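These are the structures in question, set out in turn.
Presented sequentially are two complexes of chain A, the first with chain B as partner and the second with chain C.
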Partner chain A sequence: MSKLVYNEMLKIVRKKRLWVIAAIVAVLVALFTYAQYRETEELRKRLGTTDWRTQLQQQIVDLQNRLQSPSMSEEWRKYLQIRLKQQQYYLEHNVNPSAPGAPTFMRTFIENAIDLFLPLLVMVVAADLVSSEASAGTIKLLLVRPVKRWKVLLSKYIALLLSVSFIMLTTAVLSYAISGLVFGYGGFHLPLLTGFVPQGEDLNTDNVHMIPQWKYILMELGLAAFVSTVVGTLTLMLSVLFRSTAAVMGVMLAALISGAILSNMVSSWQSAKYLFMVNLRLTDYLKGAAPPIEGMTLGFSMTVLAVWGLMSLAVAFVVFARRDVY
Partner chain B sequence: MRLGVVGLVIAAAAMSAALWLGGLVLAVQDQLAPPSKPPGQTQPSVHGAKKGDGDIDIVALGDSLTRGTGDESGKGYVGYMVDELRKQTEAPIRVTNLAVRGLRSDGLLRQLGQPEIQRQIAMADLIVMTIGGNDLFRGGEALRLNEKELNAAKRQYAANLDRIFAMLRRFNTDAVILAIGLYNPFSDLGDAKRTSAVVRDWNFVAAEVAARYPNVVAVPTFDLFALHVNDYLYSDHFHPNQEGYKRIGERVASLITLTEENR
Partner chain C sequence: MMKPVTLAVHGLRKTIRGKEIIRGVSFALHEGEVFGFLGPNGAGKTTTIRMLVGLIRPTSGTVMIGGYDLHREFTEAIRQIGCIVENPEMYPYLTGWENLEHFARMMPGIGADRIMEVAKLVGLEQRIHDRVSTYSLGMRQRLGIAQALLGKPKVLILDEPTNGLDPAGIREMRAFIRFLAETEGLSVLVSSHLLSEIQLMCDRVAIMAKGRLLAVDTVERLLNEQARVVWKADPLDRAQVLLAEETEVLRADEEGIITPYEPAKLAAWNAKLVRAGVAVAHIEPRLPTLEDLFIELTGGETIE
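For the complex of A and B:
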């Protein structure tokens, strides 16, 4: 079995996918670092101060003014109201939610990457795991060996899991190393608040507690790895079902992008919360942002994702074991 | 060589996988069974705020007028005032605009209860504010109120204003406070006589209250909008337009002498 896994990893490494992914991450992190740097400079210039309390107070007043606008959609109002209360809470407890530093950059990067960017990277590896062997015909060479078919697929799946883990590691290390050049490497011990529970337009702060930033980031990475694993599993299933890698990519991309769009407009369509793609933003629950549909929680989203993952895994194994290969 | 790379990748991936799993467990534990220990309120002391650093700190408080609603350039009178002041001084001017659209005097009182707002006020060298327009006009319908209701609203306004000035003076004992008065946006309508009388009355009350406190100046704007009011109003027929804001800004700036301010 370990030989099989090694063999699969060898294929992935040979295709140089992982290095391409690392290069993409490096370029994007550099871009975002520069953008973030410009933004903080601009903010400092506009407000004429580096005092974060003044900046946060200005953001709060800006939010209050935006909330006065009568032509605002109900869900957007709710979202802003919750953010307003949260920022007020941060201010009252003298905690800076965005102190500059590489760890803060890393945290926001993961938050923004979790629903589209990281799944995309995982897709790059997962999409052609099986389909490319089917279209190139090498699948026959793989299956004529005296190994059970489920073992072949299992070895591919384990290789995929290892790749997901490696992608997370690459993202974490690169985003820390590159942004640190500009923002400095300190800040792992900054306190952050978590445990906000949005309830309609209100924000329940009963469970709010302080945790150091390193723990927060570790939690985010764990959630991001979970999401990436589920997306990878779904992609693997499609890769088993379709012979064409392009079809796999197309379907997954459509699903992921529709998720990003749907999240902004499904608040009145209750049953949409059972779709996997609106449940990808798990880190929002740590932050305490309003969920796309009322009543969604971390436990709910993780269950939905797990069910989708397990079901697609089952489909992949059944289809792979039964399919005629010729 | 090839084998070595693959081995390394596998080892790194397997080890970090343990880390991600740990993070996931932590996240679930932390969110689903959070420790019930809410953080205590730790606030920076209001009086610890530093002043006299050579910069000119201006705090703007109040309603949509201070926010600049109706000015296409978004500057509002605060922006034009600062433009004027920049001609007088080289010192950096820092503006903190805390105005919220639609704010009434009771809303401002509530805002002044927030510690960070108090800290900002304590740091200020100059405070400009507009309040009362929404107490009086309430989006235009208030002028239909009868005499009794108007008087009750006025008394409430005076009481609130008194507490506002008292609070401002408590947080910041020496900054000049410029309280900008009301104008009558309806002075070209049929009811102008009555509406103007009401606005004059409210301005008088505000000036009376301001006079109880040192260094609080009531700045009139009534005259600025008395003639050709439509040339200075935005299309909502209520807020000033760019020209209107420029006039207010210039008037306010003309009251400020920076040499004294900048001791």
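For the complex of A and C:
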């Protein structure tokens, strides 16, 4: 099996797919870094030279005053206390919370890339894994070997998973390395709040707690890898079903983009939550942003994605193993 | 004495969307023979070949390769076969060597020495480390044969192997196929829609049309059954009368008198004509072309 996977990786590498992906990431990260830099500059100009420390101290005093008030619910008090701890950390460690370091850039980059950009990169590899062999005719030479068909597809799937890992790693490393040139490389220990649970209009803050940024980033990378794997699996299925890579790309792109649009308008269409494409923004659950449809949770979204992934994997294998090749 | 059977096909059928494309094809290949698969485009040659190598699942029927059932013992059976189905499509962004290496990794026990061996065998060792995208069609065809030979198969299946080759390339390919069968002892199945092709390189031939095999026999026998003799003599009408007493006169026109070919009686017929004072100018045994044969077998349907 390792020889088969080697074959598939060889083809991906020699088609220069991975280089293209790395180049796209590098260019985009550089672009966003510059944009972010301009924005921070603008912000600094507008706010004048006000010392951020004085601002932070002001906010802390404010929080402390509010905590004094007796007419406050217990949960709210707890939340404010956590906020207070976070602010104090910034002050003690001399961290300007509005001036991002490379890890913060990396975190927001992943958050913004998870539902469209990363899936797109995965598609670059996955879309033609099978369809290009079918349209070029090389599939015939591939399938007349003493290797069962499911093994051939499995080797392609493993190569895809390796490529997804490569994409995640490249995104993480490049977004850190490039943005660090401008924003500095520190900030992995910045405390972030997580554990918000949106309930209707409100935010349940019962479980809110602080975690260091590096942990937060690892969680995000994990979720992004999960999303990318599912999108890759779906793309692989389409690649098995269609002979034309363009068709695979088209269908997948349409699905992803419709997901981005639907997320903004399906709040009253309950059953839309079973579509895979409105479940892609897993990192929003960490931030505590309201989900597109009420009642969606991290667990729910991951289950939906996993079911879609497993079903398409099954379809891909069954069709690939049984189909007549012309 | 027949050599051992390497590939046996029995009752092969394929129905696609209710339409029977292949209607019961049976034949066998023996060691060291070149077997021709002749038929017009659309006769079902390629579909049959795809079923022989497991690309298409037959609706019914069996394919036995080297004693293994292709359907039930796929890996063992397919190991005995090397093939080119239609065009030998390779990965253009890899070198010839890398392509061969790629396929070698899918077969047990095939190393760099074997790759070099087949590259030399097809005369591609000079350019083997160049990218396939820089290859000419003939070189790709040869690389295709190299990959088919890689696993030391007992049966070689070549679908239209001379397609797109120039006359020199065609002659070379023909010699190479004969060499593989005679020297290496392979069974080679060659499909073609060109009669001359099959006639020149095959030992036996199967004629296929509309999903059926019309005839399977040695090329010679199929031809001999239809062999004719052309007579030219003066006076022609006198000769025709005399010959009609001995045998059937099939045709008599400006080309001459045409009778069946019976080698044992030819001299006696000639003597009779000479004795009767007919000046015999020309006696020519003529093998029919496979084209004549095909028209005969299909009842007037032509090839292409």
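Operating definition for what follows: the second predicted complex is superposed on the first by the 275 of 326 C-alpha atoms of A that agree within 3 Å, B and C clash if a C-alpha of one lies under 4 Å from a C-alpha of the other, contacts with A are read in each partner's own complex, and residues count from 1 in each chain.
One rule holds in what follows: a residue touches a chain if its C-beta (ideal position, glycine included) is under 8 Å from a C-beta of that chain, and two chains touch if they have at least 3 such contacts.
Quantities reported herein were computed from a predicted structural model and do not represent experimental measurements.
Asks: For A:Lys15 in the superposed arrangement: first (chain B), second (chain C), both or neither?
Replies: So A:Lys15 only meets chain C here.
Asks: Look at A:Val208 in the shared chain and tell me whether it touches chain B only, chain C only, both, or neither; answer first, second, both or neither.
Replies: Only chain B is touched by A:Val208; chain C is not.
Asks: After superposing on the shared chain, does chain C or chain B touch more chain A residues?
Replies: Touched residues of chain A are more numerous for B.
Asks: A:Lys45 contacts which: chain B (first), chain C (second), both, neither?
Replies: In the superposed model, A:Lys45 contacts neither chain B nor chain C.
Asks: Report for A:Arg145: first if it touches chain B alone, second if chain C alone, otherwise both or neither.
Replies: second
Asks: Determine, under the contact definition given at the top, whether A:Tyr6 touches first (chain B), second (chain C), both, or neither.
Replies: both
Asks: Tell me the contact category for A:Val325 with respect to chain B and chain C: first, second, both or neither.
Replies: The second partner, chain C, only.
Asks: Need the overlap of the two footprints on chain A, from chain B and from chain C, as residue ranges.
Replies: Shared contact residues on chain A (touching chain B in one complex, chain C in the other): 6, 10, 14.
Asks: Residues of chain C touching chain A in their complex?
Replies: Going by the criterion above, the answer is residues 50, 53-57, 74-76, 78-79, 81, 83, 85-91, 93-94, 98, 102-103, 105-108, 147, 151.
Asks: Note which residues of chain A are touching chain B in the complex, please.
Replies: These residues of chain A touch chain B: 5-6, 9-10, 13-14, 18, 47-49, 53-54, 56-58, 61, 64-65, 68, 88, 91-95, 161-163, 165-166, 168-169, 172, 191, 193-195, 205-211, 215, 218-226, 282, 285-286, 298-299, 302.
Asks: Which of the residues in chain B come into contact with chain A in the complex?
Replies: Listed in rising order, the residues of chain B that touch chain A are 2, 5-6, 9-10, 12-14, 16-17, 19-28, 30-32, 34-44, 55, 67, 92-102, 114-117, 119-120.
Asks: In the complex, go through chain A and note every residue touching chain C.
Replies: Listed in rising order, the residues of chain A that touch chain C are 3-4, 6-7, 10-11, 14-15, 136-138, 140-148, 322, 324-326.
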